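Please find the structures below.
Both complexes below contain chain A, partnered by chain B and then by chain C.
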Partner chain A sequence: MRPLYENLPFICMFIAIVCGVLSAVIRDGQKAYRLALTMTAAIAVLSAILLYCLYTENVSFVYSMGRFAAPYGNAIKAGPLQALMATAFAIVMGLSLLGGGQSLFHDILPEKQGLYFVMTDLLLAGLLALVYTNDMFTGYVFIEITTIAACALVMAKDTGPNLIATIRYLFMSLLGSGLFLIGLTLLNSITGYLLMEPLAKAVAILAELGQYHRPLIVSIGLMVVGLGIKGAMFPFHLWLPDAHGGATTSSSAILSGLVLKGYIMLLITLMTRVFGLELTREVGVSNILLTLGLLGMIFGSLAAMREYHVKRMLANSSVAQIGYIFMGLGLGTEAGIAAACFHILVHATCKPLLFICAGRLSTVSGHHRSLKNLRGSAYRDVAAGVGFTVGALSMIGIPLLGGFVSKLYLSEAALDSPFMAVVLLTIAASTVLNALYYVPAILAIWVRPPWEEARIILLDVKPEETRFDRLFFFAAAVFICLIFLLGIVYHPILNIIRVGIQLM
Partner chain B sequence: MSDRGKSGWKRFAEWVNGDSVARDPTTQYVMNRRPVRAHAPQEFHEERERLRLKKFLGLYPLAASFLCLTLITILFVTVLCIPPFGQPGNPTNNEVSRHYLEYTEQETGATNAVTGMILSYRGFDTLGESCVLFLAVSSVMMLLQRDRNNTDQRTLHRLRREDAIERTHPDNILRKSAKLLSPFILLFALYVLFNGETSPGGGFSGGAILGGGLILYSAAYGPEQLSRLLSRSLYDGVRIMGLMAYALTYGIFIFAGANGITVEMEWMMTVIDLAVGLVVACTIYGFYTMFQRGKL
Partner chain C sequence: MLEAISQNRFAVVAVILFGIGLLNMMLQQNLLKKVIGFSIMDSAVFLLLASLGYIEGHGAPIVEEGNVNASLYINPIPSGLVLTGIVVSISVTAFSLALIQRIYRHYGTIELTELLERAKKEED
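Showing the complex of A and B:
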């Protein structure tokens, strides 16, 4: 009999799947919404308990899914890092749904709201499985679930541009999964395993003997590129602005904050548990990740500067922030990966906050989206204005906020790298570029426009939409607290991440 | 608003204020287009757009074929290096596959090793696959189910006319053959479904046959005839019950197995086969009817 807490990862996934299936029965969108919120809260609490148990006992464990021991049956593995990510994902998912609730029920037709929550619930199940998986093929199956659910979240708004964005997203995503699957097949044919621990041993032996060298490199490359496409790595990010910028607020928040991170977590698991950091450095994958990450940091910001549509600006900024994460992974050291994991948390709290605040600001401004029409909108909902400001300042990297800490640790991790100068200069340049588009956006929402212009905008505003939104206020307040928490008491969190990487 | 004749500082100040010209939202999915300037005639822009599109369409196939050829070359070179197919010394013929072949019957009670593997050893993956099917139908419903966004009066009119033609001019050959074949197809589907443990077949193939039978019946007798038997709520009920039964059964199996509790799970394979079959049949039939009619 194993300790009770070891069942928690499985129970969390199980709850998510069952709730997803149940949501299909519930026709009433509001009830499905409440079910989804309860589910995320339950999963957050259970994962937090798991995190506490694992961190205090300093262990990680393999949980066989069924009575067949590894390597014959499926298995999952949980350590402090996985538990931390699961907790964060569940919290962010719940808060994104809370914060975007109003526009969600406005954008999606009543008869299809139930189906929307099928997607969110199963998406959470998929993300949890991507975080916990200890089996390559389970990883692939849940990549598929995440892909379909994510595409449906974009599609839910059901307008012309949305459908085109969905098709683009679907094609790029399927290309990514296809490459991952080909890589996985090649790897399986030269090693004969799917479970990660025996696979890692087989890969280490192959790498040492130099056997099947070419298939090994190609399969590593295909998997990294496949996950990179799905995680919006720099040259493969072109689907992202349309998909994330056009979707309804909750979808944008979930897609930017969580879905990209699920794939990146799988990539981190592959790099640390299966291939090992040494091998990834040797075959040059690290350097590629580093280069593409650095390019993404610059070009994502440059693209964001040219946007006038506030949500597309935020979406382009995601490309830059994902660039930071890939850059951290590309350093190929444990410090780099720890900093990247911290940045995953920072971005998973800041970007959904920015999206729900932008969504709220546009709701109180008659659903206008361009920054020009949002001028002075912060005074119509001060909480949204404050939330947007805090999120943007954190993304720029102002001390006391989460973004500062992750940039600090990314820079520190870069000190040992042979490319120190390039990395540090790029971080500096990217910070300036971030400021160049976030500061104007903050100014725009806080500066009152001339009365005639404001009047034209206010004509489109319905009075019931400007009413105080309790749920949004709560979500924004929690997000702001989390950002300050990440910026001030970062030490224990980084400690959990470091221990977690040791125990991968 | 003309950009020309303004100082750089003024433009910068406007940009800071967020006052620059917003782009036309309809272009976001074609290509980023520069804002239309007032002083140039419309035709000039159309001409330029056309040229840009032409250039894009000229370059795109070249770039795409170059990328595809590169990928194909890499993959071919790789495939030449991997172990030859079906050799006994291959890395895939290790203790895992040996274990599956030798112990499947003893450990899972399934004579068919493939069924034992997908439903018992690696059942969690199969649960994931069933969820994929479930999600796929849900997404298609979300997209195609008739609502005020995707249906106009013309489409409804066309559908009504097609139904009327169907009713007055039934296809007799199709109807007679469907009448003759449907019972056998359903019987065969059930046979494949329930014999997955002992012979080739199982949930996925049996479900596909079952779905095919439903589609044949619906094509011959019109969707209305079938929707009287298989209403929306019954369809949803079957689909959800299928996946739910699978999830719950397998949940018990995982929980008991991982904690070392012995539970008699002889019935598990049959339940899961049936559940997978129902999910697959509903998926196939759902796709057909959603794409054809936009409703069940």
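Showing the complex of A and C:
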């Protein structure tokens, strides 16, 4: 008799899909909203239980779906790392919906609100499947499901620029998944498998014998580039600022915090479980990831510095932060991947916090978005001001906050790399660049503008919008606690990640 | 050389089609043409997949009662993948067409360069 907790990953995905279908039937925005929140809470609890069981027993397991046994059937595989990510994804999704709730119901037409939550529910199902899948083709199918749901989240606001941002995002994503699919086809044609474990064995044999060397490299390259495009790797990030910056607050938080991470988790699974780190280093994929990651760290920040629109600034900063993650993966060592996974958690808590705080600050300032018009807005909602400050300081890398720890571990992982000097210098430069746009933003929201200017802005503010928002306050407080948690008690979390990578 | 090409004719055609689709998707400014490029790209992948599972002279893998002989059939897994892939491709195409229609109603054009200019003006 196998332990009962092995059913949990499947149950989580199933709950998410069922809730998505239910929301489509309910159609009432408020009810669907509550359903989505309950669902994320339930999935977070179930995933946390799974994490506890797997971590204490130090195991990972394969759970076959359907009647066909390996190597033909479909399967999911869960270990401590997957359970940790699933827990984090569910928590962040719930908090992003809570924090952006007010502007969500303001931005989206009432008759479309129910449908929005269909998309969030399906998105969570897609992300969980990307984390848990043990089958390449299932991975591809859920990449597409996640893409469609994410595009729908971008276009939910239904303004002109939004639609254009969506179509650009959609085409870029389709390009990425097309490349992934043809890479998958090539790999399947030279190995004959789709399930990850037999595939890994076949790949190892091919690599050892030197057979089909070129098709192997091409297929690895296509899959990595495909996932890189979807994960906003530099220079394939041009769709991101408009898509993430223009969407409604919750969408921006979910897209930046979670959707990119789902694809990156699949990439990590491929690198560790299927190809093996040695092979990725050998064929040069690691070096490409490292180079593009480093470039992303610099150019993302440079683009953010030029931005005056607060949400687009945050979106450009995401490009830089994703650069850190790709850089960690590009080191091609377990330490690098562990640091990258930790940075995934850090960015998944900081960026949604920044987005919901920026959204709240712009709500209390009459829906103005440019930093100039947000001056002094932190005094109109102190919680949002504090949240924005904590998030920004964490992104810069101030000690006691999560961002510091991930930078520390990324640098430590870089010490063994042949490119140590370049990596360390880039981390230092990127930290300075981060400070160069986050510090002015923090100053802007805390410094009171001259009275005449403030009065013009206050004319646009509706009194009911400045009322204390309980749900937002709760979400921001939890996010701040999580950032401090990641910055102070990072040891157990890194331990889970390390054990998880061992048990991939 | 020629023999190698004729042996791999499906793969060669698939790669050419994939290239045509990819370039159309990247370079065309008309949104509809981009969707067509995407369709061509996906068809190329399906052609490649279907040809990989095909074994000369073998039949469709429909198993009759009491007669299970694997050497009679083609490899069914790639065909299954093609079916799933077609479903995915159709839904994505439908979604993008709906989106393009919405953009056209909003702006009256589906040329990407023009749209980007208009969006920029709208934001300023």
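What we mean here is this: the second predicted complex is superposed on the first by the 504 of 504 C-alpha atoms of A that agree within 3 Å, B and C clash if a C-alpha of one lies under 4 Å from a C-alpha of the other, contacts with A are read in each partner's own complex, and residues count from 1 in each chain.
We adopt the following convention: a contact is a pair of C-beta atoms (placed from the backbone, for glycine too) under 8 Å apart; a residue touches a chain by one contact, two chains touch by 3 or more.
No experiment lies behind these values; they were computed from the predicted model shown.
**Student:** Check the residue A:M155 against both partner chains and state whether it touches chain B (first), chain C (second), both, or neither.
**Tutor:** both
**Student:** According to the stated criteria, A:T191 is in contact with first (chain B), second (chain C), both, or neither; which is it?
**Tutor:** The first partner, chain B, only.
**Student:** Figure out whether A:L174 sits in contact with chain B (first) or chain C (second), or with both, or with neither.
**Tutor:** second
**Student:** In the overlaid three-chain picture, which partner chain does A:E144 touch, first (chain B) or second (chain C), both, or neither?
**Tutor:** After superposition on chain A, A:E144 lies in contact with both partners, chain B and chain C.
**Student:** Once the structures are superposed on A, label A:L486 by its partner contacts, choosing first (chain B), second (chain C), both or neither.
**Tutor:** A:L486: touches no partner chain.
**Student:** Looking at the overlay, does A:I182 come into contact with chain B only (first), chain C only (second), both, or neither?
**Tutor:** Touch status of A:I182: both partners.
**Student:** If we overlay the two complexes on their shared chain A, which of chain B and chain C does A:I288 touch? Say first, second, both or neither.
**Tutor:** neither
**Student:** Residues of chain A touched by chain B versus by chain C: which partner has the larger set?
**Tutor:** B
**Student:** So, does A:Y72 touch the first partner chain B, the second partner chain C, both, or neither?
**Tutor:** The answer is both, since A:Y72 touches chain B and chain C.
**Student:** Which partner chains sit in contact with A:M297 here, chain B, chain C, both or neither? Use first/second/both/neither.
**Tutor:** neither
**Student:** Find the residues of chain A that appear in the contact set with chain B and again in the contact set with chain C.
**Tutor:** Common to the two interfaces on chain A: residues 72, 137, 141, 144, 148, 151, 155, 161, 163-165, 168, 182, 188-189.
**Student:** Okay, in this complex, where on chain A does chain C touch?
**Tutor:** 72, 137, 140-141, 144, 147-148, 151, 155, 160-161, 163-168, 170-171, 174-175, 178, 181-182, 185, 188-189, 194
**Student:** Spell out the residues on chain A that touch chain B in their complex, using ranges where they run on.
**Tutor:** Within the complex, chain A touches chain B at residues 1-2, 6-7, 10, 14, 17-18, 20-22, 24-25, 63-68, 71-74, 109, 111-112, 115-116, 118-119, 122, 125, 129, 135, 137-138, 141-142, 144-145, 148-149, 151-152, 155-156, 158-159, 161, 163-165, 168, 182, 186, 188-193, 202, 212, 214-215, 218-219, 242, 245-246, 306, 308-309, 312, 370-375, 440-441, 443-444, 447.
**Student:** Which bits of chain C are touching chain A when the two form their complex?
**Tutor:** Within the complex, chain C touches chain A at residues 18, 21-22, 25-26, 31, 34, 38, 41-42, 44-45, 48-49, 52, 77-78, 81, 84-85, 88, 91-92, 95-96, 99-100, 102-103, 106-107, 112, 115-116, 118-119, 122-123.
**Student:** Considering only the defined contacts, which chain B positions touch chain A in the complex?
**Tutor:** 15-23, 25-26, 28-29, 32, 74-75, 77-78, 81-83, 90-94, 96-97, 99-100, 107, 120-125, 127-129, 131-132, 134-136, 138-139, 141-143, 145, 147-150, 236, 239-240, 243-244, 247-248, 251, 253-260
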